[in-house]
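Quick one: the structure is below, questions incoming.
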Amino acid sequence: MKRTISTAVIAAAMLASVPGARAASEEVNLYSYRQPFLIQPMLDVFTEKTGITVNVAYAEEGMLERIKAEGENTPADAVLTADIGRLKDMEDAGVLAAVNSEVLSENIPAAYRHPDGYWFGLTTRARIIFASKDRVGADEVTSYEDLADPKMKGRICIRSGKHLYNISLIASMIVHKGVEETEKWLLGVKANLARKPQGNDRAQAKAIYEGQCDVAIANTYYMGNMQTNDEKPEQKEWASAINIIFPNQGDRGTHVNISGAAVLKHAKRKENAVKLLEFLASETAQSMYAAQNFEYPVKPGVAVSERVQSWGSFKADTISLSEVAKHRAEAARMVDRIGFDQ
Amino acid sequence: MTRAFDGWSLTALIVAALVALPLLSVFGLALSGSGDVWAHLVSTVLGNYIRTSLLLMLGVGVGVAVIGAGTAWLTSACRFPGVRVFEWALLLPLAVPAYIVAYIYTDILEFAGPVQGAMRDLMGWKTARDYWFPEIRSLEGAIAVMVLTLYPYVYLLARSSFLEQTATLLDAGRVLGNGPWRNFFRVALPLARPAIVVGVSLALMETLNDFGTVDFFAVQTFTAGIYDVWLNMNSMAGAAQLATVLLLFVFMLITAERLARRGRRFDMKAGRKKTHVHDLKGWLAVAAILACLLPVLFGFLLPMSVLFSHAMVFYEDSLNSGFWRHAGHSLLVSSLVALVSTVLGLVLGYGARLSGSVLTRYASRVASIGYAVPGSVLAVGIMLPLTQFDRSLNIFSTRLFDLPLGLVLSGTVFALVYGYSARFMALSLGSVESGLARITPSMDGAARTLGANRSETLRRVHLPLLRRFLLTAILIVFVDSMKELPITMLLRPFNFDTLATYTHQFARNELFEEAALGALAIVAAGILPVILLSRTITGGDR
Amino acid sequence: MVSALEYENISHKFGDRDVLRNISLEIGRGEFVCLLGPSGCGKTTLLRLAAGLERLQHGIVRLGGTIAADAAHHVDVAPEKRNVGMMFQDYALFPHLTVMENILFGLRKADQKRIDWVKDRLAYFGISQLTSTYPGTLSGGEQQRVALLRALAPHPQLLLLDEPFSALDKARRIEMREETGALIREAGATTLMVTHDGEEAMFMADRIVVMNEGRIEQIGSADNLYMNPRSAFVASLFGHANRFCETVRNATVETPIGTFDAKGRAEGERVCVFIRPEGVVPLTDEEAGRDASQAEVTSSHYLGIASHIHMRTIGSNSGSAVTFHAQRSGRYLPRAGTRVRYHVDPEHVFVFRDDGTEQDR
């Protein structure tokens, strides 16, 4: 019996030492909040160019706890996130390293990176409004505020108010207009919902196509994904039933969020990590982001993809994302308070 | 010579401590302050969380009990066409991850799905206001999906209990004037009650730890609340406190059930095995076939055919070398965990039997309720002690040899095997315990007085008698490990994907056609064990 | 001579309940001793302590003169090292092993001498044909024999039997008693048997140890216990008796069926008088003297060896009538309602202090 146990333990220990957690010079270890299939193409090119192997561990819940718990023993060198919130949490937790890189400072506008180099935005995505071509008039909805107008009653679809994209949008409203105004607005939106918040952004487009609602809030790249989906051509139809509206062009601009990256304080291969970040901010990777994921590159002068271009250019809200991130908890509580998801 | 602290009790205690460690570290997290999170929750959504969770538990509990026990009775006491197939087919939904079933039914039944679309085309309806259709993304929808995927736990245990009931007892019922139905309710069902209760409590623990399904269905359960506090309000302490409350609740439920059962003995003497079987004819047979077919149809066949059709389309995209590697990882980890967890369950169960110490007994009880903790929270609880160990080890090795060892336990396959084993201990220990309970203590005494020591007694007497239960433990843990997600996500090494994580990265984005092949592979890997499982149960009777 | 088994100051608790209170007992080599008492009196626990199946809490257990367990010094030899054979109430046959595998379970290596011995005994029991069958298919009597052979096969220095016949029907039980007794005596094993059946103990044992509420009530041969029970409790273990509780007056005690000597009892003490049915003998008119008491028969039963008569005293009014039992050898069946005279044999009359306990049966 005891022999069986020890055999199992030894077997496990042997297996444990297989993947590349050991320090080797030509490696970089990445913790990613972004799904591997989204980032793998860029990483492959990076390896091809530099000879540095990228090891990835992807997780969403608990990654920050993992970094904190591993402390100085962490095998990870850098992290990738899908929004500003996670970057800010890590900054607050003190697990990030300040990176001073000319390449990064040059390629990334100040608004999309931490002033001391703790984190860097790599792409932006705008939180826009999908509107039914048939059922929404040209100037009927032009701003987020319009969504709270009683004339929209029963016409809005949205994913959970607790999703980080919506939390970020609500937090930006709080920064601009204060808690009270924002709460009034959110209540207005809730009153106009066609159904309980559910699904992801693509599901909202489908609901518009099927006539369950007329407008929805969504991220830009979902539109690109649907428009080019050859394997599921029905999604092209959903997209073609929808007009894109960049809200608030007359005033503060459309809310944007970033996907970003940072180097960890206890990185063992800091140099390689910085190289990876610099590559991700380079022309090559930036245009890949634009072409494959329909995101907006942060590097000025990198052309957006043709598809993205066809949606038109827009004025982005230039408010500090750090400031927005600070109000996320407040936004989450507001969603609870008014029972937005119920 | 001294027996005060012998090897077996000590080993069992260590195993229990190891299994309980993740929970203790969750309790530890709960001790730090969480600001005004509670005040906020109480004044806003907590009541709703609790109400929703209780309704969900009630619905799932009743559903799995009725379907599980009902089909178990039909397949063990009645004869009708197809019963031989249903015997094992009814277990198949066990192999399907609940969230996958949720995706599939949403796709089919939502407003934009094919069913409602066809109805609108047919009837000329335009909008949702023109007609009524049940909302799939709802509490009721979540209950339905969970019942469909969790009833096999009850079926499994209830069936093996029905098969063990001696004909004498049932005959006694008949002689006393009970009809077959009355006999079922008055004799067979009460005798199978402990098994049914264990099955239902496993299903309810799964219900409580589920996040994927309820999140997808936008049902605001207590568990969804734990995630919200953790991730959106950035309060791990608050989340740990909520998880602790959840655990206390589960512990109370289990204790209450045990108190209610106290004083009644359910163990059965060997006797004539069941010989008479109700032959169902005519409409009764049709009803029985329907009752067994529907759960299999909706819990397995329909979801599988949808997955299959998607997998066919995305076959080439998904089936690359990576896919086989992920499958390899899944099989490797699941097999390892099935063995380790069963061995640990055996050590714990046999150790508790030998020592009978209150400490060991409660430790194993606590260890088992870890199953009810939301997976990601348990994952953090597993990670903390492992990283702490690594940290101490590194300080030690750096001081002594100036050699930092890096992470030895955390972020390795060891961490995964440990995490899974701790999580699935309820399954393996439960199976071992129910097997041990059937071996009268005088068997131990007989073997010991005949010169066999404890280990020899285990080898020569208990192991052969437990074979069926050990195999059951291995198979259930294997099937559940194939589906396991949150612990893998957080504790895995670099570049280590399993079928579940591979499937999840697409499913998370509702790209569920891309996820189909992975999901199908998870299910396929579970089918063989499930059929073996069914044969194990039935075989024990012959 | 060294005793085969010795208990020294054994006390034992289950939780708060005292199961054994300071028990000391010695059993000689080759002796057959019965522990007799009602369920819950601690006799099985005492047996399990000898086997090492229960951890000793207080006192010392010696086997063949060597210490097997000593609570004060935390010594407790594991059961498998005690060379003790035990037969369980439910037989505890291993269901996954054949009859032969069960019996040979305790033999270290293929000890041909013992195997031959076993085969011999199987033949003696007439169950040789069952060696390769599984216990689940055996009858109760067959299981009992297999369990006994299994316990004896390793040639233990001490054989422990826990209610070995309780699972058998009465006819089979008497048959098995004789078979078992003969086999054990032939094997020469020292034996300690637990039973709650007084008659069984009397039949099997060289010495009977009566236990009550964790204490030894009395030790003695069957004859000794039967004829000189030290307490009402002991007396009640050997069959049903008439019992009358009264107060001692003038060194005598007066009961509805006679007045008896109460030597050694204090004046005014409450005592109970025990009179076995065989001590109350109905008399024929020829046998009876004029002064013999008279009672009315309520029913009578012929039991083969003797006849059992239920009688009622004749009081001044029916309310004060008391029923009692009498016995007479042979066939004697007076009709109900008949008045008969009877004689009480002082040999069968026992006077005990009234300890307030109800009669056992």
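A, B and C label the chains in the order they appear, each numbered from 1.
Just so it is clear, a residue touches a chain if its C-beta (ideal position, glycine included) is under 8 Å from a C-beta of that chain, and two chains touch if they have at least 3 such contacts.
Model, not experiment: these values are computed from the prediction.
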Ranking chains by how close their C-alpha centroid sits to the total C-alpha centroid puts first chain B
When A-B is set beside B-C, which has more C-beta pairs in contact?
A-B
Rounded to the nearest Å, the gap separating the Cα centres of chain A and chain C is 84
Chain A to chain B, mean C-alpha position gap in Å, rounds to 34
Calculate how many whole Å lie between the centre of chain B and the centre of chain C, each centre taken as the average of the chain's C-alpha atoms.
52
Can you list the residues on chain C that touch chain B in the complex?
48, 51-53, 55, 74-80, 82-86, 88-90, 92-96, 105-106, 108, 136, 150-151, 154, 156, 160
Which residues of chain B touch chain A once you look at their complex with the stated criterion?
11, 40-41, 44-45, 48, 111-112, 117, 126-128, 135, 137-138, 217-218, 220, 227-228, 230-234, 236, 313-314, 317, 332, 336, 339-340, 343-344, 346-347, 376, 379-380, 383-384, 387-388, 390-391, 394, 404, 406-415, 417-418, 455, 458-459, 486, 489-490, 492-497, 501, 505-506, 508-510, 513
Quick check on the complex: what are the chain A residues that touch chain B?
1-2, 4-5, 8, 11-13, 15-23, 29-30, 35-37, 55-63, 65-66, 69-75, 89, 160, 162, 164, 167, 194-200, 202-203, 206-207, 209-212, 231-232, 328-329, 332-333, 336-337, 339, 341-342
Chain B to chain C touching residues, read off their complex
1-4, 270, 440, 442-453, 456, 460-461, 464-465
